[in-house]
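As written, the chains take the letters A, B, C, D and E, and residue 1 is the first residue of each chain.
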Amino acid sequence: MTPALELTDLRKSFGAMEIIRGVTLSVPAGERHAVIGPNGAGKSTLFHLISGHYRPSAGTIRLGGETISGMAPHLINRRGLSRSFQITNIFPRLSVWENVRCATLWAMGYRYSFWRNIERLADARQRTEEILTEINLLDRWHVPAGVLSYAEQRALEIGLSIAGNAEVLLLDEPTAGMSRAETERVVALIRRVSEKRTLLMIEHDMGVVFDLADRISVLVYGEILASDTPERVKANPAVQQAYLGLEAS
Amino acid sequence: MIEIVLISTLNGVLYGMLLFLMASGLTIIFSMMGVLNFAHASFYMLGAFFGFEISRRIGFWPGLVLAPLLVGLIGVAVERYGLRRVHRHGHVAELLFTFGLTFVIQEVVEMVWGKLPVDYRVPPSLDFPAFTIFATNYPAFKLFELLTALAIFAALLVVVTRTRIGLVVQAALTHPAMVAMLGHNVDRIFMLVFGVGAALAAVAGVIAGPALVTQSNMAALLGPILFVVVVIGGLGSLPGAFLASLLIGLVQTFAVASNASLADLLGPLAAGSGSSFLRDIWNVTVAQVAPIIPYLLLVLILIFRPRGLMGQRES
Amino acid sequence: AEDTIKIGYVDPLSGGGASIGQIGLNQLKFIADDVNGKGGVLGKKIEIIGYDNKLSPQVTLVQVQKAIDEGVQIIVQGNGSSVGAAVESFVTKYNERNPGKAVVYLNYAAIDPSMTNQNCSYWHFSWDANVDIKLEALTNFMKTKKDIKKVYLIDQDYSFGHSVADTTVAMLKEKRPDIQIVGNEFHPLVKVTDFSPYIAKIKASGADTVVTGNWGQDLALLVKAAGDAGLKVNWYTFYAGGSGGPTAIKQANLPDQVYQLTEGFNNLPYKPAQEVVRAYIARYKSEPIYYPRLFNLTGMVFEAMKEANSADPAKFAPKLEGMKYATFASGQEGFMRKDDHQFFQPLYMSVFGALDAASQPFDEESTGWGWKMAAEIPTKDTLYPTTCKMKRPN
Amino acid sequence: MSERTGAAPAFAAPPLPTGRGAGFLAIFGPWIAAAVLLAVLPQVLSSGLALSTLSLMGMMIIFALSYNMLLGQTGLLSFGQAVFFGLGGFLTVHAMNAFTADGPPLPLVALPLVGAAAGLFFGIVFGAVSTRRAGTTFAMITLGIGELVSSSALILRHFFGGEEGVSTDRTGLAPFLGLTFGSQLQVYYLISGWCFVSVAAMYALTRTPFGRICNAVRDNPHRVAFIGYDPQRVRFLSFSLSGLFAGIAGALAAINFEIMNAGQLGATQSGTVILMAFIGGVGSFGGPIIGAILVTYLQVALSDITDAWQLYFGLLFIAMVMFAPDGIAGLLARQQPLLRGRQLHRVLPAYALALVPGLAAVAGLSLAVEMTNRLTVHAGDGPAMSFLHVPLRADAIVPWLVAAILFAGGGWLFLRAAGVARQAYDEALAVVQGRGRTS
Amino acid sequence: MLSVRDLHAYYGKSHILQGVNFHVGANEIVSILGRNGVGRSTTLKAIMGDPAPRGEIVFKGRPVAGLKPHEIARLGIGYVPEERAIFPALTVEQNLLLGLKPGQKASRWSVEETWRLFPQLRERANAPGGALSGGEQQMLTICRTLMGAPDLIMIDEPTEGLSPQMVERIGDLLQEIARRGISIVLVEQRLVIALRISHRVYVMGHGHIVFEGTPADLMANAEVRREWLEV
């Protein structure tokens, strides 16, 4: 079976600095895969490369067997890959409702349609309502997104990334800045939405990682140090030394 | 041939420096504060009229000092009591504010000085030909223009690179509250920057006033050419603006010197083209379009190099 | 029925063109006050109403409509051929579409030849010599100047500039084939701040005479750049006397080198005119009389009204056709040609420079210099045929 | 997950959108009312000037709305909108002249389609160049394009007719239902018909998926790419469609004035449309309509009242930008909850209270301006003048004192009254919200 | 060093802080804990003057309420915001230099010191701040504030987005800062680290302080932890 996502010898340099130094990784369909690693290791950069935000300097990225490296972000998204951002990235002046609805439109086939009344699109409305229920923002639907509290915005960020029903989902630190209780709710949500999808997730919260991930890759200095099951990664002394501190032990 | 090239170069440099003189204040305000200051030309006009008024009472040199000071103060007041309030509503609001200001300033100038040109003269101390090349005189006043432009360039360069004012302003564009919480008085710095920008416009006015025509419509006639200089140079870059001024000055001067047209280039083809519309395009000479070349340059540069010649950022 | 005769003056009264528009309005008001002081016309007072058209044809049309609503049947306009053409076409159509209440357009400065040729209209009368006539006169003058050898043309790149250039070339070729045209330059309208490169070109061409239709800032800056560079040529112009021109010539220090062709200037030795000029200057300080033709215009229209015993354009317009009139500036006779409603009058070449205080009392813009007679071109030397096929109302 | 433990939300959330259409009247009521209004207006305002002004407003409404498709909806600041207005107009004029002679018998009513096509065509051409960038870069490209096109207009004299422009005769075309469009009244109906259709079309456009994505691009173009849309494509489409409607407006201008000249595609016209949109309010669909009506009216009327109109114009804009940055529509929108909560009566007295000293201050200021104007610009007419029908002398001391007192006193009282009004507003709003919470 | 009494603050009409009381002694590390949205960040912002505070704030014996943010900063209060507020267009080094107050030349915390603490940042010295990774931005923002040589530093969620190892480093860093004579107000989500390094802790709920005590007191009080910290 073709892997959902396959990276081959992926590289990225900014000027003279090589940030991603030959990453090779294959994520089978349906897997929940976590990427961990020290700050500045290149995790977000890796996501930027996969989602088309940056162009790789070398190497290939395949999504469902199809090469997507160098494509524009919207083209990659249309091929079924969606992502969230580490730094909240929403539409601040649109209402929560419009935020989510906009994110559903392309996948529902409405594209640049300028002849249909958007309020009449029952399927988009229904999907929007579902998503808002999922992320627990239904009673805030009319509020401009920019007015939401930090945690609510983080939730909306996840909502935007799952609205398009993409096959492959990339989440960049979905629980950062959340309290324990909220983190638990997010974990439950991620578990639900990734049920029949492929999930790639960056996290520093080891609780979350070991809770969710089927497999973990450790990225250090732009290279994959290990890619294995949670237990074995935890036991790996190199990983312990390079990354895990007191908290995990 | 040598004569044309030499004279054109000289004229181009002189014109370029005049442009820089006029644009330096705008560079400061536009590229540092991000304010599309449409009233820049109005401050320039105020400078010219203040310069005229002072020079006919006490003389040109006091005018050169006092007029920019006065206009700078006006700029400070405009920032303090107007622009600061508008700032949070975004760039379009700021732009419209300065747009409204142009109307007010023009009308006030008309009320005070009338609508006819005033007799603003080159000071006698500079009213002589400095040198002559190929029987063409170069007046001392033009050299003075050039020197002032160079001096302003150098001074601004020092201020921008040696102090943190530039950094503070640039930082405040994205996170003004944070800059304040690091201990910088953002409000005052913005006020100063705007005041200095206005004062620089006034310097240009005092100097260009006698060289050009000092009249209540001089602001409107200046048009958007100064934006072209700043944008081609690259937002945030003083050397860029300097370079762009020179470039535009030279390009325009050399274009004027050329009589080539499409018809010359493609002569035989042109004869066949019957439509009068095409004939228009065909027969336009480079010289004819010289003053609109900067706009062409602007569009091309922004398309292919949106940062401008030396800009650090694209906004 | 009304006890006033309303004249609508539609010209720029704000913005860039206001400086000239305002002068025309002041002059009309001056004339109206004078006429009203003497009892008005047909026992009615003359009322001048200014309408600001911001030099835009579209705004002009709205303002003309407004004037008509307010009972104005006489529109006076001059600045900008684009505006003039629009008014002429509007008035013609208006009279066609609204028979019964005629509106007439009295043009004192729009000089595009098309207005009295292919686009001529019965409802349009023109008091300024159009481009063809001016150039006929100018070239007739140049014909006599044997020291002109090389002529350089520099004009604004728009229709008026092109008319000047094309017609000059054609007429000179016919009248003085020996004159060499050493340059024919166009530059964009009011966009040039530095004319030195153009001056360099003129200098390089070896011209002894420059003919230019430039006005306003384009003339002032051109002349200043010439002064700066020390270019010594004679300048033949039409609008050097316009606002800022005299100041610029003085600043450029070009005494007796700039010529201007007009239908009159203040220092013409004609007593009645000089007295009026004095009275005018006393009232509007430091403001020159640019438009002697406004005196001709009003004088002739008032006379036509008296002849027709009516202020209705439908009635007095026929009286204007062919009317002879002693012009304001010199008292010499001019006439309104019936074929195209173009007024013909003597034209004068004047030159700008230091004055002889006794015989030349009027300086310009407080420069101490003024316009002095260079030559008179009698009416007969200004005649130029028209292609107008006038459609008269039956 | 996002349990809010901080301040309780001020409102209970309104019911979710249902997507089921509101009643026929709720949707079409306002449109029918507008159509009726457009139809009967000339009966009420029947003077030639009123009809010309209304016609002018009609085309400017289209123009301002077309501009707001860029600025308000897509977040694109353009300095060259008049290019499409002008080119649409020029092609229409040429079409009119062509059809007059011996071309196909196209009625005048259909000619705005020519403008639309021209606007769309040039929208596509220039859009392809400019919409690759956003923000200031985009703004500067449009500035350059605007300047290039309007400069070329004077150079390419055969197409643009040089300075005079190109004129035409609208009655020369094939009659439509017996109408020749000679009278301004018929032209008014032509323009208002097109205005109605265009406004409806542009409104409908805001309620489509494309319209919403434009809003998203305005808010955060970067993120749009990650929900499947190409922000550049969205900008491009928006720009082209905006050109189309601007072209219609230009065509109507050509029909109305029967002349088109280079000034119509220049910076002044582009600046005017920015003013209209912003003064009316770019935040709502209706804002630019209000702005177009107001600015057009001021342009026509203000210069009659005073020739220092530019000063008042400028001051008005400065005041608007400083105190009502959401435009007039924004001010009105703020009264909406009060109106709906039936609390407007609470604030109206306070507003009136503020209005009186406000007017006094304005009167004081304009008295001073007019007297200055009389003493300087109109010195030749002598110092005797009248202000608000009161005769006075500009060189006397008393009027100046009156002006100073009116301005200073009125201004001071106004500031205080404005405080009161703001408080009254807050209180009324609190009452409305309090009810909203309990219901 | 700092004492806050009956502090109120509003965002528009909503009353966020409803009488907050706490104090910080010299060289002390004090943590303010609480759930999301209870107003911890707002407390720090209000002390910095934005939103405008009502109530009494005394720093080094001087009343601070009513002063402008830059004046407060110049008195010696440093603030590290939750959202980091890195200046994206400026380089890392320029970001640091902006931490220096006007007129201030060098300080106890120099650029060199930053490079020593976080060698990773030195490599990025000339990269634009906006290009930094989330964690690097966090390091930079703390160092930037330290450059201004504050006497008291208020840090909002410094460990957000940091790897476990780096969390440890930050903990050590905070202790070192305190040792150098700088008082610290720490707003933190991670109990482990907060409890490890704090001298005293406050727990906040709904706009006011609901618990005050030592870390040990808090560990002993299961009820507070359950009700106000959800753990």
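For this structure, a couple of remarks:
Just so it is clear, contacts are C-beta pairs under 8 Å (C-beta built on N, C-alpha and C of every residue); 3 or more make two chains touch, one makes a residue touch a chain.
Every value quoted in this text rests on a predicted model; they were computed, and no experiment measured them.
Least step count on the touch graph, subunit C to subunit D: 1. Counting C-beta pairs in contact across B-E and across B-D gives the higher total for B-D. When every chain is reduced to the mean of its CA atoms, the largest separation from subunit D belongs to E. Here the spacing of subunit D and subunit E, counted between their Cα centres, is 48 Å.
If you average the CA atoms of subunit B and of subunit C, the two centres end up 35 Å from each other. Measuring from the averaged C-alpha position of subunit A to that of subunit E gives a distance of 29 Å.
Residues of subunit C found to touch two or more other chains are 15, 22, 157, 188, 191, 287. Of all residues in subunit D, those that touch two or more other chains are 2-4, 6, 151, 155, 157, 310, 377.
Multi-chain contact residues of subunit B (touching two or more other chains) are listed as 110, 115, 223, 288-289, 291-292.
Interface residues of subunit D, counted against subunit B in their complex, comprise 71, 77, 79, 129, 132-133, 135-137, 139-141, 143-145, 147-148, 151-152, 155-159, 267, 271, 274-275, 278, 282, 308, 310-311, 313-318, 321-322, 325, 372-373, 376-377. On subunit A, the positions that touch subunit E within their shared complex are 14, 17, 36-45, 86-87, 149-151, 173, 176-182, 204, 206, 242-248. Across the interface of their complex, subunit D is touched by residues 13-15, 22, 26, 29, 50-52, 54-59, 61-62, 65-66, 68-69, 80-82, 85-86, 89-90, 93, 97, 112, 114, 157-160, 162, 188-189, 191, 283-285, 287 of subunit C. By the touch rule above, subunit D contacts subunit C in their complex via residues 47-49, 52-53, 56, 151, 154-155, 157, 162-165, 167, 169, 171, 182-184, 253, 257-259, 261, 263-264, 268, 299-300, 303-304, 307, 309-310, 377, 379-381.
Across the interface of their complex, subunit C is touched by residues 3-4, 7-8, 11-12, 14-15, 18, 110, 115-119, 121-122, 129, 132, 135-139, 142, 210-213, 215-217, 220-223, 252-253, 256-257, 285, 287-292 of subunit B.
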